[in-house]
């Protein structure tokens, strides 16, 4: 009799434990999603704020009880922003600098990475190690001398000054070299036997195989031009050569903080829009490139 | 602890949503594992043996059926509440902890009434380590151990909390041949010493045969046969089981039964009482051949491999399904080196299988002596 | 590797990179050290024929200079606040993301979004959010038309609005804004790296822990964190390096004055100091750059030493 009782007790215990398990699991899931969704909302809030503010009228924006959705959508803010900031000129400048420097940078990077990955020459390893060593030094240290250099070269306020000093990225050379090294050497030997030239081999075999890395580099380089601020501010102050970020900061800032914020937000949205497009369509390549680099821009 | 599986079923939803085809990993598995025995779950990869093991551990939920530990229904119970010890195929030793910390880890999770003092924990860790003979290695990291040593640590970690059931997933697959032999005996010894009901999964029939009290042969989620290793070997229920067990593997021929006689090719090789006339698949164990100058089965001789105790004769036959026919003969026998070799057959080493569903066709053996 | 018949070819391929590196990387390294050790060096004056004597005056002057100490203090404080905060938050988010299935990709995308932004532009958004619009705060008959969305939210929950970034705002309030913005900006990269790390941890460790009845927090502290420690170390090291070079986020919020209206330089950083001195005081800028390099080097080595001790497998 007592045995039977014992058994039913145990059965109840087990039932309790499994019920407990289920409740625990649900509670954990709810907590997880709540935390993640709250964090996600915080993360996207600034974007939301930027967008709704950019289409508000100034009086609506300045209300003490803010509206979550604009009562009247004022797209004129965008036109005002475009005109006040002379964003068209800045956009063209930035595109010229971005495209030219990306193309040149890719050529230089591919050639160097090829030499380091496939060719044999004296001092190769020492040279490569020295290059990697320079990656440890903060870029600001170079800027001081580079400023003087471009000044004495008479490059101030030209496209050259915005493009040339940053054409070589040791990191990209490293990244691409690693990629090239994974391509079996036999392919190169076979090409040599067939009398294929280095350049043709590079173009026909290595570049297609390393394409994802090259795309990552291209995107990061373009984003770098779009977002660069410090160097252009130093060396290209004339509006003719200003880049978009500088123009944005200069044209829409008011020391008193009383600027027409809806127009300012419209300008910010204009500048951010191409980045979002890139993000939506090329997210995979960016994330791949970033997780290997950890360098912004 | 007795482990009972009732109609255990696991269905995986298809990975490709469009094709919509489900995978039945385990189909309607019913079996009671007696207390204190060592059971081998045996089958080729993808047969559902590991899934069965994971369902018993609680890491995977069955789609249907029930699991009992003793008299308790544990089907709905999560892994942590089942009190099982699990040894993973690649051991899953925590790489950042020493051997000692690895073994102590399960004990440190105990709560409430089960909570142990530090000394008790160390005591039990050292006892478990001694049992698997790694007590000298307690301060090493897993990366500093050989495969065999890691395996022992994994077993010690599973044993230290005194599980009701010990589960081993392919315990020997990551070891080299010599260690495998040694370790499987070790597993047998540990199981005997602790008396814990132990279930292990393997695709290696030799491994399963050599140490298990009972083996379960599975194919595509369906249990084919359950029994003592020797029984299953001597009396397979279908062609799959016959082919899966035994090294060298069983020789398979296309044959035909006519007038209660078994024909392979044109030769009547064996009397098979009680079998209707039909084409059949014939399985003959390598040790089922007897060298006989007047024997009915004539094969073309390829080569003779002397292996010390035995001689392995490799030959070919037109009706053989495999490229070669391999027989094992006692080394005392003289194998004539000619173009052909002739055999008579041991009736209890010959199995007939239906062409239709590969099931066994039993025949009566005349006890003529 | 191929023994090329024409070794000059390799050098030909490398020539553009090497020439540019010599001019814009190697020479600056040498020159920066040279300028740092020439007392009160000024490039413009050199052209006019001035000469400078060798000495460590630049370093001592930099350290005595009050502006520099403010910059150093601001930079250090930002590092100490933002690196642990963003790392812990990123770790939590990554662990949670790794534990869910539905919505995982969507949420992951959202968390990565701030990475692809212009730090100046979004800095302006943050400035607007924390901004106060109206007459000067604290004066008589003040009329606050709007106090910025953040203050609106604070008021909604019954709090008192705070002057975050406008004229007369407190250092603590400024710091809060900076920290919020920098952490927001730093999260995506850290989440990406940590989530990648989490996904590469063998699932069997978790199964093993589960069979052993390990409670969640113990799985986290004894298994997840140790196995993730190489990625954590990486994220912390890059976080510190980035933190010591903090500059453009502050420009984004406060403008090039690096402080609230009326208090320029209040929130200046090491890099800001270097840029301020760069045009006319190259000796001072060089000394500051070398100090920055020294700090980054020491902190990186320290981090690596600690993480080596903690992650030995």
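Order of writing sets the labels: A, B and C. Residues in every chain begin at 1.
The definition used in the following text is that contacts are C-beta pairs under 8 Å (C-beta built on N, C-alpha and C of every residue); 3 or more make two chains touch, one makes a residue touch a chain.
What you are looking at is a predicted structure, and each value in this text was computed from that prediction instead of being measured.
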{"item": "Minimum number of chain-to-chain touching steps separating chain A from chain C", "value": "1"}
{"item": "Centrality ranking, top chain (CA atoms only)", "value": "A"}
{"item": "Between B-C and A-B, the pair with more C-beta contacts", "value": "B-C"}
{"item": "Geometric centre distance via CA averages, chain C-chain A, whole Å", "value": "15"}
{"item": "Approximate Å spacing (C-alpha centroids) for the pair chain A, chain B", "value": "55"}
{"item": "Euclidean distance of C-alpha centroids - chain B vs chain C, Å", "value": "59"}
{"item": "Touching two or more other chains - residues of chain B", "value": "78, 81"}
{"item": "Chain C-facing residues of chain A, complex", "value": "28-29, 32-33, 35-37, 39-40, 42-44, 46-47, 49-50, 53, 61-66, 107-109, 111-112, 114-116, 118-122, 124, 127, 131, 134, 136-149, 151, 164-168, 170, 173, 185, 188-189, 192, 198, 223, 226-227, 229-230, 233-234, 245, 248-249, 252-253, 255-258, 261, 264-265, 268, 271-272, 275-276, 278-279, 283, 286-287, 290-291, 294, 296"}
{"item": "Interface residues, chain C side, partner chain B - complex", "value": "202, 204-205, 207-215, 218, 222-223, 226-227, 229, 311-313"}
{"item": "Chain A contact footprint on chain C (complex, rising order)", "value": "1-4, 7, 9-11, 13-14, 16-17, 20-21, 23-29, 31-32, 35, 43, 89, 92-93, 96-97, 99-100, 103, 107, 109-122, 124-129, 131-133, 144-147, 149, 152, 165-167, 184, 187, 189, 192-193, 196, 216, 234, 238, 241-242, 244-245, 247-248, 251-252, 255-257, 261, 271, 274-275, 278-279, 282, 285-286, 289-290, 292-293, 296-297, 300"}
{"item": "Of chain A, residues touching chain B in the complex", "value": "7, 10-11, 14, 17-18, 21"}
{"item": "Chain B residues within the chain C interface of the complex", "value": "57-59, 78-82, 84-86, 88, 90, 92, 94-97, 105-106, 108-111, 141, 143, 157, 161"}
